[in-house]
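Please find one structure pasted underneath; my questions will follow.
Labels for the chains are A, B and C, by order of writing; each one numbers its residues from 1.
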């Protein structure tokens, strides 16, 4: 394992008109690291996550995936080819799953590998079987998304992202839209990924999960990283008042 | 182009007459049809449903032909223009029946219940509570029906009513300027539809204010 | 002269042939207008302005004028400038283009209604804009607008009677040919109407089956 970061965000800033949503943020994530980003809504944590695969482009600053700059300034056509290639290495899981409702579970998973990696149907199907096995949903392979529960949908969405063999996985509030009793099955899948040393960046509201699984926690507020450190420190002995306030509100009732 | 213009204007007047008369007939048929379909009598409901199903299930052109060419066999002798107005009116009436019925059904059931608990009769409730709200809902969709009707008047060209499309066809086939003739007739149709649209918008705003 | 429907059966074969042509012309125009509608919708939403504009003008013109007028232009008008289309082809093109414009309108709103998350998810996997459009957005949009497009197809079936006016020997013209031999318009037009009604029932049943089939994949 090298020490070079797999994701390197340098001086990221973003604004909509005069509204600054990200202010000069730098973040390095090493291979196998699991980083949680917490903070109140509107703090810029989702925007930062979505800047990593350039879904929400930065106003200034750089994002690097290993030795490739993700948000390179290129003419439109070249940029398109570049970003499509980069994104194949960055898996993303959304709050609202975004499974493709017109495709069954198998085709949701195999679509991109077949189109972009040139896998044959047999290879892609094999891949779908492997990934579904991993998330424990092999028996749902022929189902359509409308026939699945929220938790199952999110597990399929994770399998879909994993099928591209990404170098890093981004989770954007993956369990926020789920009924409480369905959260655990998704958390279990994420924990399992952690044990396999998948590099993960997780935007979450679940402090308990962040504490259990992550190596590092970033607390963001109003577009800046207020405080960061190992979960023991952030959760048990935060230095900043804003962090303390936030945690007091959010740890109540949890654990 | 200038030479043919008066003929097109005269034809446009015929198209407007066709549209207005068949629209009035259509609204009457629509109101009766909707009343029948929502009536408590199952015979009336069946009659209404049959009217809608038969008219909407067959081409308007055939309906025009049955009335105009087949009429004399059953003792109905009509001029082409009259047959056109009647057939187009009955035809659009079936679509308007569904529009009006839909609007009436769409009025919240709680409204009826509230009125009935106040002691209003079924008829009173309909007249003073359901209908005013339904009218508001039906203006726009009826506008869509009327838009289709105006374009639909073209098919009486097939029974030689000298309206816009009939006139345009004559010149499309005989002058060497088919596109100009098409655009001229097309522009007149669109003008008629545009003005009708303004009327519908005005009506929509007026009923919405209440 | 009273009514006598016994004049109809001797012409049953001719009417049936006409009905088959009606089905053929409706099906051809339906296919043309379905794929044409998708193409037009994508152009109207995503093409650069100088391509969009002529298409918009065309759509505006075809929506604001009667189908019969359009058929006359395509059949009698194009001959004037040296394009002599067979009546069947002119009929399919006229009906097809007319309903292309209407279908395009519906498909455009269907595309706009597809959740942006779908596009994001596709792009996140590495799909290009075109790939996302082709594999994710358009298929979903089309599924969501099948019911209104089905209604257009039902209207198309009935409008196919208009091509009798330019001489396509479909159901309406077949009944007219029988009338010219028997002078019995009422009986034959009613017979034709009955045939249309039956075809219409079949079409509606077929559309309902399709709607049920795509229900879970939405």
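Simple rule for what comes next: contacts are C-beta pairs under 8 Å (C-beta built on N, C-alpha and C of every residue); 3 or more make two chains touch, one makes a residue touch a chain.
In this text, all values refer to a predicted model and were calculated from it rather than measured experimentally.
Asker: Which chains, if any, touch subunit A and subunit B both?
Answerer: Touching subunit A and subunit B alike, sorted by label: C.
Asker: Suppose every chain is reduced to the average of its Cα atoms; which one is closest to the average of all protein Cα atoms?
Answerer: Looking at where each chain's C-alpha mean falls, the closest to the middle is C.
Asker: For which pair of chains is the number of C-beta contacts greatest?
Answerer: B-C
Asker: Please identify which chain has its centre, taken as the mean of its CA atoms, farthest from the centre of subunit B.
Answerer: Max centre-to-centre separation from subunit B belongs to A.
Asker: Starting from the mean Cα coordinates of subunit A and subunit B, work out the distance between those two points in Å.
Answerer: So the centroids are 57 Å from each other.
Asker: Roughly how far is subunit A from subunit C, centre to centre by C-alpha average, rounded to an integer in Å?
Answerer: Distance between chain centres, rounded to whole Å: 46 Å.
Asker: I'd like to verify one number: the distance from the centre of subunit B to the centre of subunit C, where each centre is the average of its C-alpha atoms, in whole angstrom.
Answerer: For subunit B versus subunit C, the centre distance works out to 22 Å.
Asker: What does subunit C use to touch subunit A in their complex?
Answerer: 115, 117-118, 120-129, 131, 135-136, 139-140, 143, 216-218
Asker: Which subunit A residues qualify as touching subunit C in the complex?
Answerer: For this pair, the touching residues of subunit A are 53, 55, 80-81, 84-88, 90-92, 94, 96, 98-104, 111-112, 115-116, 144, 146-147, 157, 160-161, 164.
Asker: Subunit B touches which residues of subunit C in the complex?
Answerer: So the residues of subunit C in touch with subunit B come to 1-3, 61, 64-70, 72-73, 76-78, 80-81, 158-162, 164-165, 172, 179, 184-187, 189-190, 192-193, 196-197, 200-201.
Asker: Hey, which residues of subunit B end up touching subunit C in the complex?
Answerer: Residues 54, 57-63, 65-66, 69-71, 73-74, 151-155, 157-158, 164-165, 168-169, 172-173, 175-179, 181-182, 185-186, 189-190, 193.
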